[in-house]
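Two complexes follow with chain A in common, the first pairing it with chain B and the second with chain C.
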Partner chain A sequence: MTHVLSIRDLNVEFTDRGKLTNRPVRGIDLDVSAGEILGLVGETGCGKSLTGLAALGILPRGARRTGQVTIGNDPLQDSSEPGGSVAIVFQNPGTAFNPVFTLGRQLSDVLARHRQISRAEGKAEIIRHLSLVGLPDPERVYRSYPHQLSGGMLQRAMIAMALLRQPRLLILDEPTTALDVTVARQILVLIDELRHKFGFGVLLISHNLGIIRDVCDRVAVLYAGRVIETGPVEAVMNNPRHPYTRGLLDALPAGRTHGQRLNAISGTVPGNLLSLTGCAFRNRCSHAVTDCSLTDPLLTETGPHQAVACLQEGEL
Partner chain B sequence: MSPTTQISAPTGSGPAGEQATLKPIKLLKQTLGRDRLAAVGAMIIVLVVILAVFGQWLAPFPDQGMGATNASARNLAPNALNWLGTDQLGRDVLSRIIMGANPALTISAVVVAAAALIGIPLGAVAGYRGGWLDEALMRVTEIFQAFPPLLLAMVTVAILGPSLTNAGIALAISWWPWYARLVRAEAKSLRERSYVEAARAMGIPQLLIISRHVLRNCMTPILVQATVDIGTVILAAGSLAFIGLGTQPPLPDWGLMVAEGRGLIFSSWWIATFPGLAIFLAVLGFNLLGDSLRDLLDPRQVKR
Partner chain C sequence: MTNVLTLEKIVKTFPHHRRVFTAVDDVSLSIKEGTVYGLVGESGSGKSTLARCAMQLMRPTSGRAIFEGHDLGKLGPKALRTIRSRMGIVLQNPVASLNPRMTIGASVAEPLLAHTALKGQALQTRINNLLDEVGLGAGHAHRLPHQLSGGQCQRVGIARALATSPRLLILDEPTSALDVSVQAQILNLLQDLQQQKGLTYLLISHDLDVVRYLSDEVAVMKTGKIVESGPAERIFTDPQHDYTRRLLEAAPGRGRPELADSHALPTLTTQGSD
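Let's look at the complex of A and B:
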């Protein structure tokens, strides 16, 4: 199986006037194969989105990437330009388009950047892509301003825009969070169809385990800038090995009777990870032992393709 | 489309100001319909523009307007022939006011255009790129802004020599930093918008992002600022002419006319008063329209 994305020892660091201030992503390894959907899951502030942006090659100001990112066979260069065959779809489609230009104009800009093509051909190509993502009346969408379309339609247009780049890897950063449930479902079905059709790999960033379970092939659970558990979706969901993964699954409302309280994981993600020693989760973990504050657990295999970073893994 | 739909409160994405700029002419009509003061301002501006364009055919004594003297009719009070009286060289004050509209409007339009052309690109690049480039450009603007604009213009004219053209150059030099800072502030907030991030992620080159997404979305404050500034520059150019650093006699200029009539203000008040009123009205017109444009285009700043 060919990897369309392979990340080795990725760190994202924030510096202020040359001084290191935080390291929200700490040594992540990830692989996404062609045609595969890898889910990236975790709480707010655990480094999901930064990992996605780092894979794309665009980071916020003041952030720095170390480690290797390879898209297809090409290592990502150190620049602010995004890599050639990656595309991203953002969380809020309502703000991802410039309100003063038509969608056709904005999609043309992307296409013109990617391919030398005549005006008429470009328009035909964009309309083809708009119908490809299931937009009815693509001619009208082409002429529309963003405020004239619904969130679901805009998200489809955003996906069409991403497809114009002929990506080998599509990064979806919380693609359905801003949409209502039925529209979200349609978008996910669309993504599933498109990846089979075009064979690109998908990195799906979400905090919604329900979505991850439904559409992903594999999942990587992030905590405090680390992968703490990874494996095939069924294996991780049915047999979670890390206390954090268990906590996340426990917090799901599924399978509960009305009126029953949901279990929450107490505490919050540590803010600054620079001075951290030992396991980042130990203060919120009910299984923590003395050794947890001394040794930082490494990701170790526990089953076929499944790996967990927990010292107590064998005891649980 | 009914008049109310365009100016309705913003919903969901993007402030209304961004969408409101889509139809500037339509908006202008609505502003004038809703806002009496704006209508007054617009009427004054239209009048000044008509005088500037057709002045030489409208003025009763075009040759006197350009400086021809008439020694037999000196210092006449307003009368049937010379509606606003004559000055100490016997020239018709009304004609000179009418002929003075053209240079006043031309210099302010050119100065504002030049200041915008210099300031907008610099401000956009500084605000979007940030970092050392931003720091450097902003320190340069601060050096310019540390001087009172009129003083800086006076120094420049003193170096270049007094004339209308040099006054224009001097004013443009002292005016562009305001546009640079205005656009920089807008660009700094626009660059954090998701659509700019999305454009970046889609591989749109930086220059295109700046011209498309940043500049296009800060046209509103620029338009407001430019409208008000045209009035302010009329006043500044008049001030330069008043102290002898702008238009040179015998050419007609409102500021120059005030200076010429200053010594006779108690005996022949009309010589200085009417050109002063012309300046006052022109500046007022642009200010009224500019304020109304701001209220309409940027609902977040409405004070009412």
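Let's look at the complex of A and C:
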């Protein structure tokens, strides 16, 4: 299968007056195939969103990317504007749109930047996309301002806006976190239908393991700016090999009865990763041995398409 | 067992575009001492409005809120203030609910200064004990909210709510802003505190797994009304109302959506595909 996104040895570094201050993404390799949904999961501060932004080439001020990002066949150039073949949908649809322009106007801007077509054709194209994402009465949505629509409708419009770019890769950064469960479910169903229909690849960023399990084909678990476990979603969720992945799954209250204690992961994600030696998870890990503070484990294959970065993997 | 809180036919309306919007529509429930009552429903269903009416942070349009035998609507400001020290509330966003310029110790001192006569060394000791109780340690008293993680800020929120030794805690989405690993720590803490102190909780959450884990009784709210209520296990294993079933099916982690509800998008048109 062809890869729509290929990331090799991605690093994101923050500098202050020329001095390196932090490296929140440390050597990530990822591939997303056409028509596939890859989930990116981990706690806040693990580098999920920065990885997504780096893939688009839109990092925040003061951040610098090293390593290769290839979208389709085109390597992402430094400081280049993201090409037409990639689009992103953010978490909060209520703030992602400009409140003072109609949705039609905002979608037209995106279309005009991307394709040379007449105004009338453009409007027809936008209305077609609005109905494609399941918005009833797309003509009315076209004329509406963001505050006139619900969160779920705005997120659909956001997806329509992304589709206007005819992306080969769609990056979804916590697309349903701001939505109610039933609406979130509908959005996930929509994304699943659209990727089958158009064949674009999806990088789905979420801290919600349930969502990852429900819609992703493969998953990459991030910790402190590294992929610590990756594989087919069933394999990783049903047979997690890394203590961190196990910890995340174990911490969920689902299936626990009243009175039973939950297995929390003690401690927090390390903030600054510059002076880190050895495994970044060792201070929170109950399986850590002396070696863990000396050697930073590499991602090693443990099964078909499954890989884990843990020195103690064989012992667990 | 006695009821700590009883709500009788609570109605709360708001004026909305020259009409009346009914946020809570004739809700009655009672919470037994030492139990956890879970309130689930989607945003806009009236969960938080109901909780605010229960504490009289908002006067209900009609209906009665009875706490420890007192009809809260009939109490004057002074009596209400006294009785409010017996109820606490923990809010969703732990960082935003703390004053960024106030140290953790000062934030925890506020309810103590408002409701108790503690001062000087006794006040300090009480603050330290509270911080210890929520697993923070007295060393955090001099820190500011931005120096703490989200989970630690929520522990401060719980310490503030516990300061006046309440019998009832209202937990409004207490873990929604937290990562699962931290959520587990906070849920353990809430469960421990409830058992040690025999507290009563009114837990508001849209996370069905959290509600199922903590609650003894559950009510499902939709557009201001309770559509179904009963023992937690019964609601989750044998839901009677169609809306409860839909909520349970939609919760993440229940399987691939195309299997569960491929009919969820009747409006999706396929005309003119690329």
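Here is the rule we use: the second predicted complex is superposed on the first by the 312 of 316 C-alpha atoms of A that agree within 3 Å, B and C clash if a C-alpha of one lies under 4 Å from a C-alpha of the other, contacts with A are read in each partner's own complex, and residues count from 1 in each chain.
The rule is short, and it goes like this: a contact is a pair of C-beta atoms (placed from the backbone, for glycine too) under 8 Å apart; a residue touches a chain by one contact, two chains touch by 3 or more.
What you see is a predicted model; the values in this text were computed from it and never measured.
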| item | value |
| --- | --- |
| Clash-or-fit label for the pair chain B, chain C on chain A | fit |
| Partner contacting more residues of chain A (chain B vs chain C) | C |
| Vertex chain A; arms to chain B and chain C (CA centroids, nearest 10 degrees) | 80 |
| Which superposed partner A:R61 touches (first chain B, second chain C, both, neither) | first |
| First (chain B), second (chain C), both or neither touched by A:V32 | neither |
| Partner chain in contact with A:C292 - chain B first, chain C second, else both or neither | neither |
| Which of chain B and chain C A:V4 touches, first, second, both or neither | neither |
| Chain B versus chain C as contact partner of A:D109, first or second or both or neither | first |
| First, second, both or neither for A:A96, with chain B first and chain C second | first |
| Partner chain in contact with A:H147 - chain B first, chain C second, else both or neither | first |
| Superposition-derived minimum Cα distance between chain C and chain B (Å) | 7 |
| Interface residues of chain A shared between complexes with chain B and chain C | none |
| Touching residues on chain A, where the partner in the complex is chain C | 43-44, 128, 131-136, 166, 180-186, 188-190, 192-193, 197-198, 207-211, 213-215, 247-248, 251-254, 256-259, 261-266, 268 |
| Contacting residues of chain A [partner chain B, same complex] | 56, 58, 61, 80-82, 84, 87-88, 90, 92, 94-101, 106, 109-110, 113-114, 145-147, 158, 161-162, 165 |
| Chain C - residues contacting chain A, complex | 42-43, 149-151, 179-185, 187-188, 191, 206, 208-210, 212-216, 232, 246-247, 249-258, 260-262, 264-265, 267-274 |
| Complex contacts: residues of chain B adjacent to chain A | 12-14, 18-19, 21-22, 130, 193-195, 197-205, 208, 212-213, 216-217 |
